[in-house]
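Chain naming follows the written order as A, B, C, D and E, and within any one chain the residues start at number 1.
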Amino acid sequence: IGFSGAPGQAAPKKGGILNFVVPDEPPSWDGHRETTFALIHPFAPFYSLLIKVNPENPSSPTDFVCDLCTEMPTPTDGGRTYTFKIKQGVKFHDGTPLTAQDVVASYKKIIFPPEGTTSARVAYFVMVDSVSAPDDHTVVFKLKYPSGAFIPALATPYNFIYSKAKLDQDIRWYEKNVMGSGPFKFAGREAGASVRGERNNDYHVPGQPYLDGFEAIFSNKQAVRVQAIRGDRAAIEFRGFPPKSRDDLVEALGGDITVQESDWNCVLLFTPNHKKKPFDDVRVRRALTLAVDRWDGSKSLSRIAIVKAVGGVVFPGHPLAATKAELEQIPGFWPDINKSRAEAKRLLQEAGVSDLTFVLSNRAVDQPYTIVGTWLIDQWRQIGVTVEQKMEPTGPFYARLRSQDFDVTMDFNCQSVVNPLLDIGKFLSTDIGNESYGGYTDRDLDKIFEAMNRAPEEAEQRKLMRQFEKRVLDEQAHSFVTLWWNRIIPHRSYVKGWKISPSHYLNQDLANVWLDK
Amino acid sequence: MYQYILKRLLLMIPTLLGAALLVFLLLRLVPGDVCVLRMAGGAGYVDPKAIDLCHAELGLDRSYVVQFLDFIWGFVRFDFGKSMWTGRPIVEEVALRFELSLQIAIMATLTAIMLAIPLGTISAVKQNTWIDYVVRAFSIAGIAMPSFWLGVLIILGLLITSKSVFGSPWMPPIKYVPLWVDPLHNLSMTIFPALATGYRYSAVATRMTRSALLEVLREDYVRTARAKGLVQKLIIRRHALGNALLPVVTIIGIEFAFLMGGLVVTEQVFNLNGLGKLFVASVTNHDYTMTQALVMLVAAIFVVTNFVVDIVYAWLDPRIRYK
Amino acid sequence: MAPELVTIRNLKMHFPVIEGALFSKEVARVKAVDGINLTIRKGETLGLVGESGCGKTTTGRCILRLEHPTGGEILFDGKNLVDLDQKSMRALRQKIQVIFQDPYSSLNPRMKIGEIISEPMKVHGTEPNKAARDARVAELLRLCGLDPKFADRYPHEMSGGQRQRVGIARALSVRPEFIICDEAISALDVSIQAQIINLLEDLRDQFGLTYLFIAHDLSVVRHLCHRVAVMYLGKIVELADCDELYGNPLHPYTQALLAAVPVPDPDLERARAHRIVKGEVPSPMNPPRGCVFHPRCPLAVDSCAKIVPEFRELRPGHWVACSVI
Amino acid sequence: MTIATDLGTKVELTDERKAPSRLSAIGRFARRNPLGAAGGAVIIVMVLVAMFADFIAPYNPVANAFDRMHEPPSLENWLGTDQYGRDVFSRIVYGARTALLVGFASSFVGATFGLVLGVASAYFSGKIDLILQRIIDIFMAFPLIIMALAVIAIFGTGAQNVIIAITIPFIPRCARVVRSSALAIRELPYIDAARANGFSHTRIILRHMIPNVMAPFLIMITAFVGQAILLEASLSYLGLGVQEPTPAWGLMLQGGAEEYAESAPWIAIFPGIAISLAVFGFSLFGDALRDEFDPRLRSL
Amino acid sequence: MSRLLKIDSLQTHFFSAAGVVKAVDGISFDVNQGETMAIVGESGCGKSVSALSILRLVADPPGRIIGGSIRFQDRDLLKLSDEEIREVRGKDIAMVFQEPMTSLNPVLTIGRQLTETMEQHLDMTRGQAVARAIELLGMVGISDPERRLRQYPHHFSGGMRQRVMIAMALCCEPKLIIADEPTTALDVTVQAQILELMKDLTQRLGVALIIITHNLGIVARYADRVNVMYAGRIIESGTAHDIYHHPHHPYTLALLRSVPRMDQPRRARLDPVQGQPPDLSRLGVGCSFQPRCGFAIARCASQSPPLERIDGGDHLAACFEAHSVAESMARSS
């Protein structure tokens, strides 16, 4: 994990409006419900969280700091009870005080959603038994079993703290309204065009925020977003641009542009549909991964797409991740591509499908889906497999995945706080795994996962992780990792205080961002 | 005349009803539904109960007939309901976009008229000379260029020339502000898409002006006018254009109606938050209510424009006026 | 006297004038043909004259069943065409043929002359065999004064007069008994008209054809017809043998019509007094009450505006619809 | 009997007049309508390119070559390479196939349906006509692109569905134009003659009406091909058309092209020119055809 | 009577894709003041083109006047500038066209179309022009002219429109009116009305009239002098009496014989002109009527007969066999 570029170190200046571009408008405004970053970028600044990643060190997967709590708790009860003290004097934007009751009501909505509401992250909190507020300043989480995944889950940036009063009045009130305690107050919205925030002078961190306000402008064409920064219609886009756009911006604006880059806790996977012939045959599946030259792909694609690192199922650079030597043992990561392809052809021949043709279902998003998909197709072409790409918008695309109406699909695994133990849940058997679409049942795999999650020692976890990885990518060839993403944020140099993180979900409340104009 | 207008108004009803039925059925043909997309638009788990609940809330569990009647009844009362996607009143969602689209449509139409009528006239009067060829090639080039391509070229051109002229790159605003709030901001945003589409649409009207005028210039009454010794300018202006404009008016009217909803691509290029973009989004989201409302809006604009065109036609053509 | 071939009784053809596409409403009726009676005998040529829009063509179209009459009956060989079913009508169709005015648009420009002439034979099955049809086409072309080689030509490769001959050949192809000539010569050049008139006459003599000859050129009608009916505004105002009608026109309209035709002789013309009838033919949408001609009639009296004149036989075979004479 | 039989022989067309008429007709067309001839030439070139793509294109249009990304035009890659290192020229050459396939398939099918509907509507008139006209009205109320989008939403993307999506909105447009010509033809005496002869409806429609509305039909097909190519490009731009890695012009302008418009302009410029040129060619040719056949059919 | 118009060897050709159409191929004739002159001939023989050529109204391209002169009151109209010829049009020479239905602009009122000519040529104010227009409409027999002025052409019947056209032609008191088949589109009864009106007015106002028609009856009644055209040429010219009673050209003769006549007893058969009218783009050397002519001699095929005086009088014919034709006529009648 690393970043380049130099976020400013000078004393923050006050004032100014930050304009930034967001690729999409979220369907609702309720963070508990939504999963898209398009919600985070415009709406995170309105809310406080219980805990959050350290904005000064957002790249660290373990560095969490309090937002509404007074200090990070140490678990008691053998790691099964966490007690948070809530800051006093915090006020919602409507002036009502924020108490532990509000925190509890919010987490209850997230963890135990009442009927008629949806929560996108129930699965993150499977270990939680209860959440309660013994008094107005204390919140207690009781877990069923100790879990290293709890604190990262708690710090998920979607876990906005809502007002209990509002939730009691209408549990779905936050779908269409904003009322939080974050650094910015909601100042208006133009349907489909923008969301505006203005400084919350009563923010619970003294001195912050520095900005007078912000405007999130929706723009779904990447070219427009890049040009908006170039023409200074916007200062930054928080998701990430491809390398070429970065180069263009730097070329055109020189010192007016600062670039921050980071590995990204997102990876594109491709998964054959195990229920469909000939992908029920492990040889065919292995052939598909063998055909892909990831090492070369990394070099080439990193010049045109937002992907870079070669890795296994774990975020590269994480202690649990496979080393290069370990990786090279896995089919598809062999250093000699010719050997891999020869093997792939042999396997196909053996399976009797040497002139395989199929459709690759892909999500209609240019970066990096289309590019990686197109690259994959060319990789497969080289072992004599003909593939047609079918792109669909996000909604229909996932509907197709869920109904398992595809040959081979490409989707992503993208998490906010880096937490490999939870993140690899994507590879579990389809009936268990929340977002696993391959249509396979592999109880042995599930058992390894279970064991890993309860393993106290990192070394033990690492060993199990290797087993898990081998089973998924090699032995059973369930689903395959392509390349890990690479986040590139070229922004106007006058934007200061914002630091890149390995996730475009994290560190977006803008409290410490200021403009050096 | 009143009767004529009344009759025309009545005639709109079946078209609108038909459009309503068409969009209603088409939408139900599209696989998938808004609740699934909204509840589980991304990856992950879908709670079937939540989906049922959502269906009930949106009224999607009712029979098609009831849903259709409800839609029509709402339409009759000018109550368009709420967007199934965002849950907000459709009127609120559409208002600003409508304003934007209308402004662009009007500006583009004006551009088209200002280009088409003089160019078409010159081209007809100078038929088969190089002037004619140049004008025709110029106008057809307008249709031939993909609008997004033209848009991208325009934006890039602006960025590059402004950088070389003013030292810093300038691009049109990407956020719409109504004309009366900040005219400069508004115009600097709308002028380029309006020019680009106006040029594009002028091609059709130029061609129409030219051929209508050519036809009229062959008419007996133009020969009569010449035989009377009238000056050429007067013949073109009073005798020929008066008649030739009739079909041009129709074309411009139809184009105007189409501009209101059909600028999908241009809107993307210039980041215009208009009706076309909303339409694409609401179709992809299976937002039935929004799509229906938009379709009805486009259809209504079409019929109303046609109506206005007919009135203008009647005003221009005395043969219809007194019928 | 020859037997009657066509008998028209009280034929009416009123066209509705419809407005509004949705709640379409009949706002008026064009009384194109308004109760006419006519008989045409076998072998006879009946002339039908009158000014533009008086209903001549409509009458012909009713007989051809191209229009469905509003009322009255048309007996052909004793069968009422008005209520004949499709099938029996089809059988009768080959006996009734038509020659149109415009030689340019009465031939399908995409078909060769041979196909045009043989198509009716093929459809009616009169000549099921292709070779026989080709032979008949050649024969018909020769008969109509054209080279049989023309069968391979398209209509646009021929002159107006030649096309009119093709039209005639097509009509003859199924050996009809009765031919309606609707202004069959008016579109032709003066120098060609006489050729066609002669041809029609010759064919009539050769095949014993019966013609309904619709025209507005009174001198041609006089040359060709046995009897002449004069129409005015949907009604027949006078009907008589040709010589009788031209020699002794009774109806003021017929008189005006004859007076308006200039003869190609300057000495005669300048000596001749011109009785010019005033006004123009009114619209059949709202024809005058009473006698339709009374607003223009030099003889009109008050009662003409009220009473519809009876169609009377004033002299043997000479019928007039006028209550003043 | 004396019937003048000498007429025919005198006006006879000699065969030498017919023979050179084909070539000289083209020559005359070109002189009368230089723009149309230019359009025709563009079309011919395009068709040839599409037909012989395998021989013309120097590279495999879908093969990635990451060692040659973003190469500017050179002797090896005449029009440069794109972000995947694919040869732009080869992709344009093969793209002509996609463009013509989509263009011709959709316009031909659309116009044919429209032809039948339009002629039938005009011939039968009355209620059938009225209802069909209302339906056509409804379809016409929507811009082409909106209709196409709706169809894509139902059927999904891909070349085949793009063709369907473009075909459907063409049908009513063609039907409308054909109907107005057919209405005029319906009133002509030769149709009356056919009816007076008791020919069946099918025969009259097929033998007498349809052949005579071929002019607007042909004009429409040419005009539609251009529109279809453009529409396909627009759909591709919206991500709803043909998909990577199929070589298609619209697709070549999408995504990458914008990104590299400045640093590697050849990626966007050449396919853009190809589209413009093709549409330009078809429009000019269509216009010229219209002038030749029937200047009244201007509202296409 | 003084000479008003003298046309000499006028040639107007059309340069079309199919070749050169010699629509008018060297015609010459004179028109005197107040005289009524007729041009007859069958369709396509060049009557209209001749008329349009006089006012230089032939569409260019494809048509062009390629030779000859048109002297009107001692000015050669072919040499005038565009500005000058426009002054002549409508003011000195007016035209009445065949199609009254389409010769008036449908979107302008009758009044507007009448007054604009006067405003253009006579520097009249709108008010003066309207007053004159009312007077003119009354003159051509349209009742309630004040109201009629505000109406549009579609409110008028064919006959009325032709009256308006005549009023329009008269409004600047021209010296010459050219009427190109003014009544062909009208009903016989209306035709008679219009022709009588024209004759009456031209006589009263002393206007010369060129009347173009293919109706021999009309010519017989109204024309002082007659020019018979065939294939772009004048083939016979003379007084009405001469032409009808002593034709010297076989075409004139054939034409007279081919029409059935009401003033004569019914004939068993007509004598048609044999053959087809010529194609003007494909004329050979020699007399253009030769292929259809019963009097043709060997010379006719190679030489085009000039228009020559018959017995030194005002009667001209272009036929080598003019005398045999005249004899044949005399014999038959």
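The rule is short, and it goes like this: a contact is a pair of C-beta atoms (placed from the backbone, for glycine too) under 8 Å apart; a residue touches a chain by one contact, two chains touch by 3 or more.
Here's who's who by UniProt: B = Peptide ABC transporter permease; C = Peptide ABC transporter substrate-binding protein; D = ABC transporter permease; E = Peptide ABC transporter ATP-binding protein.
This one's a predicted model, so the numbers in the text were calculated from it and none came from an experiment.
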Those chains which touch chain D (ABC transporter permease) and also touch chain A: B
Fewest hops from chain C to chain E - one hop per pair of touching chains: 1
Greatest separation from chain C - chain, by CA centre: A
Distance between the centres, which are taken as Cα means, of chain B and chain A, whole angstrom: 40
Geometric centre distance via CA averages, chain D (ABC transporter permease)-chain C, whole Å: 47
Interchain centroid distance [CA atoms averaged], chain B/chain E, Å: 53
Centroid spacing, where centroids are CA-atom means, of chain A and chain E in whole angstrom: 91
Residues of chain B engaged with two or more neighbouring chains: 14, 31, 152, 156, 268, 284
Residue numbers of chain E (touch at least two other chains): 272, 274, 276
Numbers and ranges of chain D (ABC transporter permease) residues touching at least 2 other chains: 4, 7, 11, 258, 261-262
Complex contact set, residues of chain C against chain E: 51-52, 159, 161-162, 189-195, 197-198, 201, 216, 218-220, 222-224, 243, 246, 256-270, 274, 276-278, 280-281
Of chain E, residues touching chain C in the complex: 42-43, 157-160, 187-193, 196, 214-221, 223, 240-241, 244-245, 254-256, 258-263, 266-267, 269-274, 276-277
Chain D (ABC transporter permease) to chain C touching residues, read off their complex: 1-5, 7-9, 11-13, 130, 133, 188-190, 192-200, 203, 207-208, 211-212, 214
Sites on chain E touched by chain B in the complex: 55, 57, 59, 61, 86-91, 94-95, 97, 99, 102-109, 116-117, 120-121, 152, 154, 165, 168
Footprint of chain E on chain B - complex, ascending: 128, 218-221, 223-231, 234, 238-239, 242-243, 316-319
